[in-house]
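Heads up: the structure comes next, in structure tokens.
All chains are identified by letter, namely A, B, C and D, in their written order; residue positions are counted from 1 within each chain.
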Amino acid sequence: MTERFNVAVVGAGYWGPNLARNFAASPDWNLAVVCDLDLQRAQQVSDRVGGVPVSQSLDDVLADPAIDAIAVATPARTHHPIVMAALDAGKHVSVEKPLADTVDRGAEMVDRARANDLVLLTDHTYCYTPAVMKIRELIADGSLGDILFIDSVRINLGLIQPDVDVLWDLAPHDLSIIDFVLPGGIDAATVAAHGADPLHTGKACVGYLTLPLAGGAIAHVHVNWLSPTKIRQMVIGGTKRTLVWDDLNPQQRLSVYDRGVDIAEQSKVTTTDARAANISYRLGDTWSPALPEQEALSNMTAEFAASIREKRTARTDGASGLRVLSVLEAAKSSLGAGGAPHPVQNTTIERVS
Amino acid sequence: MTERFNVAVVGAGYWGPNLARNFAASPDWNLAVVCDLDLQRAQQVSDRVGGVPVSQSLDDVLADPAIDAIAVATPARTHHPIVMAALDAGKHVSVEKPLADTVDRGAEMVDRARANDLVLLTDHTYCYTPAVMKIRELIADGSLGDILFIDSVRINLGLIQPDVDVLWDLAPHDLSIIDFVLPGGIDAATVAAHGADPLHTGKACVGYLTLPLAGGAIAHVHVNWLSPTKIRQMVIGGTKRTLVWDDLNPQQRLSVYDRGVDIAEQSKVTTTDARAANISYRLGDTWSPALPEQEALSNMTAEFAASIREKRTARTDGASGLRVLSVLEAAKSSLGAGGAPHPVQNTTIERVS
Amino acid sequence: MTERFNVAVVGAGYWGPNLARNFAASPDWNLAVVCDLDLQRAQQVSDRVGGVPVSQSLDDVLADPAIDAIAVATPARTHHPIVMAALDAGKHVSVEKPLADTVDRGAEMVDRARANDLVLLTDHTYCYTPAVMKIRELIADGSLGDILFIDSVRINLGLIQPDVDVLWDLAPHDLSIIDFVLPGGIDAATVAAHGADPLHTGKACVGYLTLPLAGGAIAHVHVNWLSPTKIRQMVIGGTKRTLVWDDLNPQQRLSVYDRGVDIAEQSKVTTTDARAANISYRLGDTWSPALPEQEALSNMTAEFAASIREKRTARTDGASGLRVLSVLEAAKSSLGAGGAPHPVQNTTIERVS
Amino acid sequence: MTERFNVAVVGAGYWGPNLARNFAASPDWNLAVVCDLDLQRAQQVSDRVGGVPVSQSLDDVLADPAIDAIAVATPARTHHPIVMAALDAGKHVSVEKPLADTVDRGAEMVDRARANDLVLLTDHTYCYTPAVMKIRELIADGSLGDILFIDSVRINLGLIQPDVDVLWDLAPHDLSIIDFVLPGGIDAATVAAHGADPLHTGKACVGYLTLPLAGGAIAHVHVNWLSPTKIRQMVIGGTKRTLVWDDLNPQQRLSVYDRGVDIAEQSKVTTTDARAANISYRLGDTWSPALPEQEALSNMTAEFAASIREKRTARTDGASGLRVLSVLEAAKSSLGAGGAPHPVQNTTIERVS
């Protein structure tokens, strides 16, 4: 039987209870302690998982040699100091998104994890849903061919947030998913962001992101707090097949269309007009893969353990969190500049090392 | 009984037969002649409507004092000379979209029609469907309140056109509809266009348009030739209600949601954070108005006759064609500039007179 | 402030915990005790609601003068003795469906409750969902006009039950809902039941019920354990409007169609052929009422308290449970007779008193 | 190149024009003459297909040795004399449904065709749609396994017919499709029919048919003229897979679910209760086959020619028309008897020969 790792959940607010419940139920983990400055809140989380120890002191937790890893669910601005301290104490770390409050601080965290040979996992929870894991698999095994476009829509009546606009509130979901399913992750050199605040709330309530991808492809995200119709849909067009993910249709979440536009091979060297003439349609079957019923966070805890055990980076590693953060920062600049495309900071781990 | 007007259909290609059929069936019109350089083609059109006279000579048609109006369905680059000649001959004119091949020529046509007191109608056929006419009515009578956002999606597998990109092929539908339903028409000062050509066909096959509207609202259009899933949907959010038009759902094309985000009145003078606290949700009924079964072109011929009879501009007048053309030209420039927002030429009739 | 009634939950198996949770959370009730022969099971239920007293003895519970009511969630064959004892001890009773294991025993329970002036509520939980309560209201206020037909479909992959067939497993939902929304309840004089057991499990896995209603109307129920497509839909046609309830469409559960078939008034005395000529269609709007988010069981506990307080029968009283049971018994006989219609035992309270 | 057969279309009413158009466009056929007692009506049909000869005399048509076949589209009560005369004149025959006005007359027609070695095709047009042809193929090749149940729903606002009830108006579609896709056709020994006439029109406007099939399977049909919601859906459950045909969803008409209920093999000899314990679920992929765009009548004319050329019975032969007619007649008797199951006349060709 495999040994269990000891984990401390740090932060007992909104997301901490979910982390605690999933680590407690995992065969890979032993939930060793719940840590929060507010001890009563830590105790409430502990009570719901059968009463594990609680602590008010992060220092104590990090000083404990029995602790293998920490799962950080504190406000974004505290991620940098907590994660850096944990990495310096030799702990593996999972951290809620966004990775950090600035790209520079996030890059420092990624570097430190690498330097210390520790796992740093960004908890892009959505990536661990069965649907998204299946999409990643279908792209990785070539089922879709080369990716031509990704169009993601996430709209609903949403509470207007006091501190962030709709892009920072909702688009991280879409961006982390796009980063997860694309081999190599998001590689956009620029991003253009458009927003509107028609209710004059002081921040964008409707937002659009456009990201040119390598090879002429494009990704586009529409997020919206003001729509009474709820849509959560992503269309991913490939040279071989096209996939539609409709997250609100539990009976058929994923549809893979064996249809598309073909270009006759010889035309690739001909002139534009000749090419147009050589384009034809393929009308094939549609296929909807069965998806297992799994909780995303349970898959995340398994991946966290596996990456530690196998001494590799996690599927949603620090670098992925950094790429998402870089796009969001660039989007903010583009929005401020009236929608002109803005360069995305090149934040590959190679850059900083 | 009302007198019928005599109309000549000019151009017997793709759209001419539809015009001929509808004018022939209209109680307002007498289809007097079908005119085309290719007399055989004109005859074929004539045969299908019971054998009206045909002509090869536009000059003859325009010289005939019995002809009240002409309906032009020739290629876009010929619209300017044909329409100008007709207006100078004192004929009312309906013309296929796009109004002209450049904004400047289009503006000249609009001016001439005005100067000569003649009707110039741009045949934005979609605007005459029962669904779009109902949307216009619901906005005009205040049912939706102030418009906050318009999001239009028109995607499908589409034949890649030899001469135009996806924006010029499909977006005119969306733009003409938006122009039609907004009181005062599209008033965007700028447009940002993003496109992708991932199959390297030489022109954009995926396109996005973003138009900031007056008062902080926004319009957005997504057109796509590469999607095997067909979507034709427009969401129009207002301060009072939100409307969804799903053109592929014949059983419920229009849904009006009496739901939305409310801002408490007193908060309008408070700070941003205070505002957020005063925003609340309204979850009311949904309502789907019954729509009559009507052919759009039949409604167009009726409007053409009514505007002549009542000596007023048509609902889809030359100015509306000019506004749509201006947005398309600006979009082309934005696309060429990598997506940076581009000013829309101010083409109101007042400007040119 | 209104006084709270003291209630004992009897039976801590599958449904008991839900009852306990809702009574505990209700402003109308004080959950006084959880009673089960298996004390450990009772304790587990108690723990989840903050630790109320538990008991192994029904006699003790019934002997306690502080207890106003009991909520019975024990196996069907035990309903009769438990409920009769409770009624004789002067307690109000809510009881899980089916009311009893035979119509005769059920009738005895209904009589006793009436004789003792006590409330007997059958827990037809589905009737307390916001959708079904709205349907009842729309029929009661005349919005649908006279009811012409009710067609109910409830199909899904379902675990084949060891003791009951698909009719007894699923149709009680449909029948109790139909009974609830029809003013006066189900008044079918006969029922025809058809079933199939194509997997040779020893009991019907596919079932159909047909119930002629008063005035020439009809109700029909389709239940099926073998369908991989899940459908839960009820269509209720009326002379004025028709309602569709799609329980799997949370965005639009109820649709009311202001469409239908009209018969010209004068034709009602004419011959059949003349009538046909006088029938016309009405194509009006569709309307989808907003529904509140409420837990059905919470509404049930409120109704139980209200009926006690107002000294009236409950909306889902014993008589309704008896009508549903009578239809099920008759259906069993019809099924045994190869589908020939079988009389439904006349079980109105008037009959037995 | 294959020789074309000469066909006469007999009857120029509602359906005749469609037959004429499809025979005229077929590579297998030469439309030789259009025959109707009303010569003007015949001429109108002829005009629309380029002007073929017309005739008022069926005798002349049948006496013409150049005519290979006739396609009969006259009222049902005239089918028997026309078809018998044509068969005696040595002509192959296609005939509109219903095959005849009584089962006995239909049986005589089937016998005569057989005796004279001529093709007799019942024009069950729906069977020649791509969707239904695909369903037949999927059942024939074993993709669905053994059929467990068929549930067909065809409801809509429908004009109340002067001469037939809803069962005779709509159910022939469902029955002919079920007969077509089941290997061996409908083999029900009895049928139970339930109907309702809540508007007192003198005939059933809501109808249900239940047909026990061989091996414990069941078929059920729901037809309804009074529903404002249009549904055309057929669910076919098999031991291996289940198929759903939604004819109103052009984007995904057929869905094949690789899901179902499995029974462990060894349990087949055990007791009922043991069996229940051995039943489990299979949750596999869903698959939607691409369907070609084809007009059903065009496929029918091809099949008519192929069956003549290959000297075999047609896919929708006279016997299939006879089976559908037998079920309808039995349904009428069942309806008259208040819904008691009624024997279906055994009308296999073997019986009468």
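Following the convention adopted for this analysis, contacts are C-beta pairs under 8 Å (C-beta built on N, C-alpha and C of every residue); 3 or more make two chains touch, one makes a residue touch a chain.
What you see is a predicted model, and the numbers here were worked out from it, not measured in a lab.
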{"item": "Count of contact steps on the shortest path from chain B to chain C", "value": "1"}
{"item": "Selected pair, greater C-beta contact count between A-D and A-C", "value": "A-D"}
{"item": "Whole-Å gap between the CA centroids of chain A and chain B", "value": "40"}
{"item": "Cα-centroid distance, chain A relative to chain C, in whole angstrom", "value": "45"}
{"item": "CA centroid of chain A to CA centroid of chain D, Å", "value": "54"}
{"item": "Where chain B touches two or more other chains at once, by residue number", "value": "229, 259"}
{"item": "Interface residues, chain B side, partner chain C - complex", "value": "252, 258-259, 283-290"}
{"item": "Touching residues (chain side chain B, partner chain A) in the complex", "value": "146-149, 151, 155, 157, 159-162, 190, 192, 194-203, 205-206, 208, 210, 212, 215-218, 220, 222, 224-229, 235, 237, 239, 242, 244, 255, 257, 259-261, 263, 268, 272-273, 275-277, 279, 281, 338-341"}
{"item": "Partner chain D, residues of chain B touching it in the complex", "value": "229-230, 251"}
